[in-house]
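Written out below as structure tokens is the structure these notes cover.
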């Protein structure tokens, strides 16, 4: 029983999101015309910094339907005894009711499974499994870039809010399962890392380099797809042996690898060739994003 | 030996931090506020409630609004719950309910809601309740459908739908023992970049979101467990997993959605503060300095928030009816008397008409 | 309007008062000036800690909002600069309210779902006054609070609305608006508005009528109850002096 939030009468039932009684209701076509998506082209994104006044730094990123907001708080003093370097934490949260990519797979074990659960999402306190996974990856990837020794007895906290995601609520329609949750999760994570890096720059935190990421998918027949987009294509998604990977780099420090997250489709091992393809592809993509970010930052200085 | 005391001077922003009261007085003496607004000028509010895709892209959101004022952004999403009505309770015309808001201010801390968030939520709840905006009747679920599962083919029947004659008997059985239900409205209010008091902004955001709430039809399933498709993380096999759920479902048929009927426009919330200013006469010889109590609209910024303790918040609707006044005279020297209260109400009325 | 007041009933606090008014019964306790926790300490004035506990269950958002309103009032009436770096703790424990079905943050699904927390604020303010005087805390002036509800006759438009002083829950349900007004009292006269909380649906004209009615009521409370009580207290406290 939550006494700090107004969650309605005690006997409130949260209804299930059911199906539509209208036989003509077809889910909007999310299939992307393959002609428009030429290989090796990165999806357009919108980036803006410094929109949050009460944070030390912030960045806002829109890509497709996804909206990501990152606020950096720090350096802030910590309580207690002296430590010679700063501590660093990342908390990624989706707005309640926003569909989390892959929540049907990862979030079923806890009570926070929004959309399916009968608890009011307004009262959610902790992080979901997906939020924890994203937070952990972002923390791992950004940690090496911050010069923590410069900030003794301080803390940096990054708060990431996901305002919107690609997919709406995955209703429990059994036929409606052609989304590729892993791919969406990794895509989102990729953009979160890029956005968070820019927010760190906006906060004037001393960095070794700006971390950028790329995402690449390899198929079983050896095809390498840069910045794969949910194509809603049943055959391609089900294909045994496809591997999706996000990798983050510090491009100006000899392409130092700071984070990698790989999800594979089907019960196969990721071979050396695939691994190399993914790392090379991600590196290439991260450089393109880095170039974009550099231009943005240079322009914002003027 | 004498030590010469050097005069220290601070840039304006430093002065505002050290002595906010002095900084505020300096500004007011030249007829401006620290935020460069006029005394009775409000900060503009941008409303983007109709053209946001939160409602369209999320099946569980039934109303939403995005409000911007300066850098402050308020994102409000309205979701639904359902409560069972008391068996022999008849919903009367003059019964009004409220919305259950949870305010979440981005402030770089995680954990339980702060006192500020709790107080805001509670005040919003009571304000909406007593302004008699949401008639209980409009949340009443008049009738609901029944879903039948024939070999995995789910069909929903509604009592007023003539095409379902084939199964009307089945429905009638259902009708005789039915329970009565009403919707409950929940609002999640996320606030980014808060720089001043945000009651007014949250109030607008709730009203705007309420105005575009569309209520769905609901249906019952007689099969108590629903199967959902599960895909294992490690393999491509799919399995059906039964999960325990209640049997009330929302019909996503947008053609059946209907508007939430509201009583009145809910009003516009304005806030004011009173501060004593000393008018320095330009002629040095002229004696007593005149002290007047000035009314400032829409307080903003550190200097105003810290210094001005006599405040009033007023909600007036378009027909000049007042919905809420919350006044506190916290500063014994700068009192909001009846004349200033009158003035504040007049300004609030004018603003309500023009917004 | 009727008050039943009993003071100094808690032995371990510096001042306390039990107040019964209408359907509400509460105990207010004041401890102070006492040593604050380091984070509460203010260098030039006394800090205030306000705790409101409901009659049933644990405190929730509702009590937090009440505490907030009471705090902003007490900050204006207590002479805080007399107690720098000290703490004044005010605890209001409700013993019974007309809303006892309310349970710790949640509202039961009942026809009487409508909440009137302001009538509790009204009682808390009046209870606080006696407890603060009992504790001997310096005040700028006396203060008294009154609740007035207003019911319009919707059939006849021109008719004067009905003003009810100190309404009970049933009258509140029928009302169109309700107002809690706290005046400061100097030289037996209600002088200025310290706090005003109005909710409902009302006109400006009605508001000013309510305020003028509140002046009379607050003076009545002061002259009939507060003065009487203070005189008694002084007589009892200085019983050996004569």
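Read from first to last, the chains carry the letters A, B and C; within each, the first residue is number 1.
One rule holds for everything that comes next: a residue touches a chain if its C-beta (ideal position, glycine included) is under 8 Å from a C-beta of that chain, and two chains touch if they have at least 3 such contacts.
Given the structure is predicted, the values throughout are model-derived calculations rather than measurements.
For the pairs A-C and A-B, the count of C-beta pairs in contact is higher at A-B.
Chain centres here are C-alpha means, and the one lying farthest from subunit A is C. The centroid of the Cα atoms in subunit A and the matching centroid in subunit B are 29 Å apart.
Note: centroid distance subunit A to subunit C, computed from Cα atoms, is 51 Å. For subunit B, residues touching at least two other chains, in rising order: 83-84, 118, 121-122, 125. For subunit A, the set of residues touching two or more other chains reads 4-9, 11. Shown for subunit C are the residues that touch two or more other chains, namely 60-61, 109, 113. For subunit A in complex with subunit C, the residues that touch the partner chain are 1-11. Partner subunit A is touched in their complex by these residues of subunit B: 53-54, 56-61, 71-73, 75, 77, 79-84, 100-102, 106-108, 110, 112-113, 118, 121-122, 125, 145, 147, 154-156, 158, 184, 186, 188, 190, 192-195, 217-219, 221, 226-231, 233-236, 238, 240-241, 243, 245-246, 248-256. Contact residues of subunit C toward subunit B in the complex are 60-62, 64-65, 68-69, 72-73, 75-76, 109-111, 113-115, 117, 140, 177-178, 192-204, 207-208, 211. Across the interface of their complex, subunit A is touched by residues 58-61, 103-109, 113 of subunit C. Contact residues on subunit A toward subunit B in their complex (touch as defined above): 4-9, 11-22, 25, 51-55, 65, 69, 71, 73, 76, 91, 95-99, 104-105, 108, 114-116, 118, 120-123, 125, 157, 159, 161, 163-164, 167-169, 171-172, 174, 177, 181, 238, 240, 265-267.
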